[in-house]
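Starting off with a structure, shown below.
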Amino acid sequence: MRPALAAEALRVRLGGHEVLRGITLALGGGWTALVGPNGAGKSTLLRALAGLQTPSGGTVRLQGRDLAGVSAAERAHHIAWLAQLGDVTGELSVRETVALGRIARLGLLGTPGPADGAAVAQAMALTECRDWGARRLHELSGGERQRVLLARVLATEAPLLLLDEPTTHLDAPHQRALARLFRRLAHDTAAPRSVLTVLHDLPIALRADRLLVLDAGTLQADGPPSDPGVQAALARVFGHAIHIDTDAAGRPRVALALDDD
Amino acid sequence: MNRSLALGGGALDGADTRRRRRLAVGLVLVLLLGGLAGLATGSDGLSLRALWADLQGPDTLLLIGHIRAPRTLGAALVGALLGLAGALAQGLFRNPLADPYLLGSAAGAGLGVVLVLAAASAGGAAVGLAGLAWLERLGLVGAAFVGALGGVALTLSLARGAAHTLRLLLAGVVVGVMAGAVSDLLTVAAPEALRGKQAFLLGSTSFLGWPALALLAVGLLLLLTVVGRFARALDALTLGDDSAASLGLDLPRLRLVLVLVLSAATALAVSQAGLVAFVGLVAPHLVRRAAPGPHGWLVLASTAMGAALLMLADVLSRALVAPQELPVGVVTGVLGGAYLVWLLKQRGAR
Amino acid sequence: MRRWFCTWLGGLLLASGAALAQPVEVHDDLGQALRLERPPQRIVSLLPSLTESVAALGAGARLVGVDRYSNWPPEVAALPRLGGIDDAQIEALVRLKPDVVLASSAARSLERLEALGVPVLRLKSDSHADVRRSLALLAQLLGTPVEGERVWARIEAQLAAAQVRVPAALRGRSVYFEIGGGPYAAGTGSFIGQTLARLGMANAVPAELGPFPKLNPEYVVRARPEIVMGALREQPALRARPGWQAVPALREGRLCGFDDAGYELLIRPGPRLGEGAALIADCLQRLGTGAAR
């Protein structure tokens, strides 16, 4: 099966500095977590995969086609992207913001119909912000806003979701809820999505189906979290500040390696 | 138009809808009353009794039909264009203090006016008879219009397209300063142009007649139709550039279209009424305070608010010192300035 | 016999020389006193009407610098230009070493000059009375006090001559004199208004509105002036103004349009006041031939 989204020897140069040095990967399905230390190039990789950053070398392929040759409108049908830092003005209401996601389907001129309303409602339900429809975005806390923006992405109904740090401002219960959501979306029988999330939260990342470990612009590991090679790479890139073992159920578990002074 | 622009159909919350409905009704009322006041304000000031007398007198068609009606309606249309341009500018630059004159349109229009005045005063010697005749046909209106568009074109070329808002803003500042300097130089060389230039800078609704009105109305209608298709893009821009691009929008092209519409609206308004201050800034501001919402609503409401504001300012300019008249730009400047001071105080108190 | 004559001549010269060397003291229109040891020999004028007044009083040769707008008499074109009311070039001015600087009472940026020790005389020029008073004051300053009244008498004669030339059919008719787009009108209290009054014409704009009111265009339509005057350049556009096709003056073609030089003459309240009145009388005479309806 052709991978939905793939990178071939991808290179990106920003401000004279080579941020991505030849990345090759393929996204098929399931939930993939992209992890790595600060400055590894995770956000840049996500933007390049989303078509928002022109590569300086190599290609990004959407279903085999060069992404650079795909129009923005068509790309939006396939790929939805969530920004890491909200640059949002915040005057729209929550419902109006989430509804913006439908532009990916309708374009600027399409008239919204009942299907669009249903998609918006479902997106809001999935991120647990259904009751906030009328509140203005700037009235919400950072975490609440994040969920609304995630709902906006879900409302696009795009099969490929590229999410940059979707859980950063959330409290533990909501982080857990989102982890469950990503799993569900990735394995939904009716409409399975490919979910690629950049995460700093390693405990959540270890729940994903697949881990991509990025360091200094190169992929150090690519595989399931239970793979000892992946775990070793993870410990290495984080300077052995973390310690990975297995819990009672056999699932990998991570903790900060705090030395006893 | 409103329904297709407000995504989500009838799922708007009650409070929001109520506020919008209230503002819409309020604006319609103000426009109607303002129109009446405009018809009732003659060279003796605002007086309904005088209006009644004039309606029964021999000069009704002349005074009310030829002078007051087109002037009042014209003020409303110019205000509408400015309100529309202001809403577009604030959405485009994502800044509640943006105004339509930022992109060099005001400076360009002023320079065009001074050029024509200076050339006319220099007389046949400098320009040649044919040139003079052409200048007369072009008139100040044409000069201001062409100048406004020229100013924006220069800004766009300096900023190399509409891709980056910061570059656009900087280029607009540069064009404004340059055009202002050239205009000042010209007035030193041809001092007779100074009075005309000052009148233009202060703004004036004194001579709006039916032909000007037709032009303004057609222009407004055309521009509103175009904007209707792009209002949702302005909403998407509030998410940030990259997010908007990820929704499939061609940002550079969109921005260019919006800049062009904004410039056309400003050029039309400025060519007929001079540089009226603050209407483009305050109209969308007031709408946002009273009943915020997506740009489909914001743009329409700003248009109506701008119309109401300038219509009222025109009535005030006639009524306050009758039979003399204040330049309408002075009235809007004072009112607009007072509003901004009040805003600052509010913000400071918080 | 010859000896008597020489003594008499010598005495006269001595006396007039003494008169020329007398210190002069005048009070300008802001009440400031100015005292000079002798009548000024080097004069800078920063107002066109004052330039013209100095020239009319026969002291044009004493001008060493003028403002950028002074253009009469033609000889001043050779003089250095020193800016305008608000942006006088102080350094260039001081370098000319003037004995006195003549300026408008509205000039603001001249404290610097006074601080540098240059005497500044500020005069108002808004009305006929102002012109007369300025002439008298300048004449006194120049050490030739009788010249002031002489020049004024000449102006008076010009005004009287112009008045006589106004056709009987047009006497007393209302005039609307427009100053630049706006529309700004020359009211009864302005000096143009005073000239018109002197010629026996009525003014469409009453005195209580001030000298140069910015009018609601509707007012002009209602006032129905019978003659409209203004710059020739702006007259074609008048008929296009909404409602103005009903103004009798426009309908019947009773327009006085003055070319640039004439218009400038008319709006400058100086010693050529009488010539301005003559220009108006010329136009009225022209209109008068067709006005006997």
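In this document, chain identifiers A, B and C correspond to the written order of the chains, with residue numbering beginning at 1 in each.
What we mean here is this: a contact is a pair of C-beta atoms (placed from the backbone, for glycine too) under 8 Å apart; a residue touches a chain by one contact, two chains touch by 3 or more.
Here the structure is a predicted model, which means the values were calculated and not measured.
Student: Could you name the chain whose CA centroid falls nearest to the centroid of all protein CA atoms?
Tutor: B
Student: Taking each chain's centre as the mean of its CA atoms, which one is farthest from the centre of chain B?
Tutor: A
Student: How many Å are there between the centre of chain B and the centre of chain C, using C-alpha atoms for each centre?
Tutor: 41
Student: What whole-number Å value describes the gap between the mean CA coordinates of chain A and chain C?
Tutor: 81
Student: Take the average of all CA coordinates in chain A, do the same for chain B, and state the distance between these two points in whole angstrom.
Tutor: Result: the chain centres lie 44 Å from each other.
Student: Looking at the complex, which residues from chain A come into contact with chain B?
Tutor: 47, 50-52, 71-77, 79-83, 86-93, 95-97, 99-104, 107-109, 111-112, 116-117, 120, 133-134, 136, 149, 152, 156
Student: Please output the residues of chain C touching chain B within their complex, sorted ascending.
Tutor: Residue list for chain C touching chain B: 68-69, 180-183, 209-210, 213-219, 221-222, 233, 236, 240-243, 246, 260.
Student: Taking the complex as given, what residues does chain B use to touch chain C?
Tutor: That would be residues 42-43, 59, 62-63, 66-68, 70-71, 120-121, 123, 136, 188, 191-192, 195-196, 199, 204, 206-210, 318, 322-327 of chain B.
Student: For chain B, which residues are in contact with chain A within the complex?
Tutor: Checking each residue of chain B against chain A gives 4, 6-9, 11-16, 94, 229-230, 232-233, 235-236, 238-243, 245-250, 288, 292-294.
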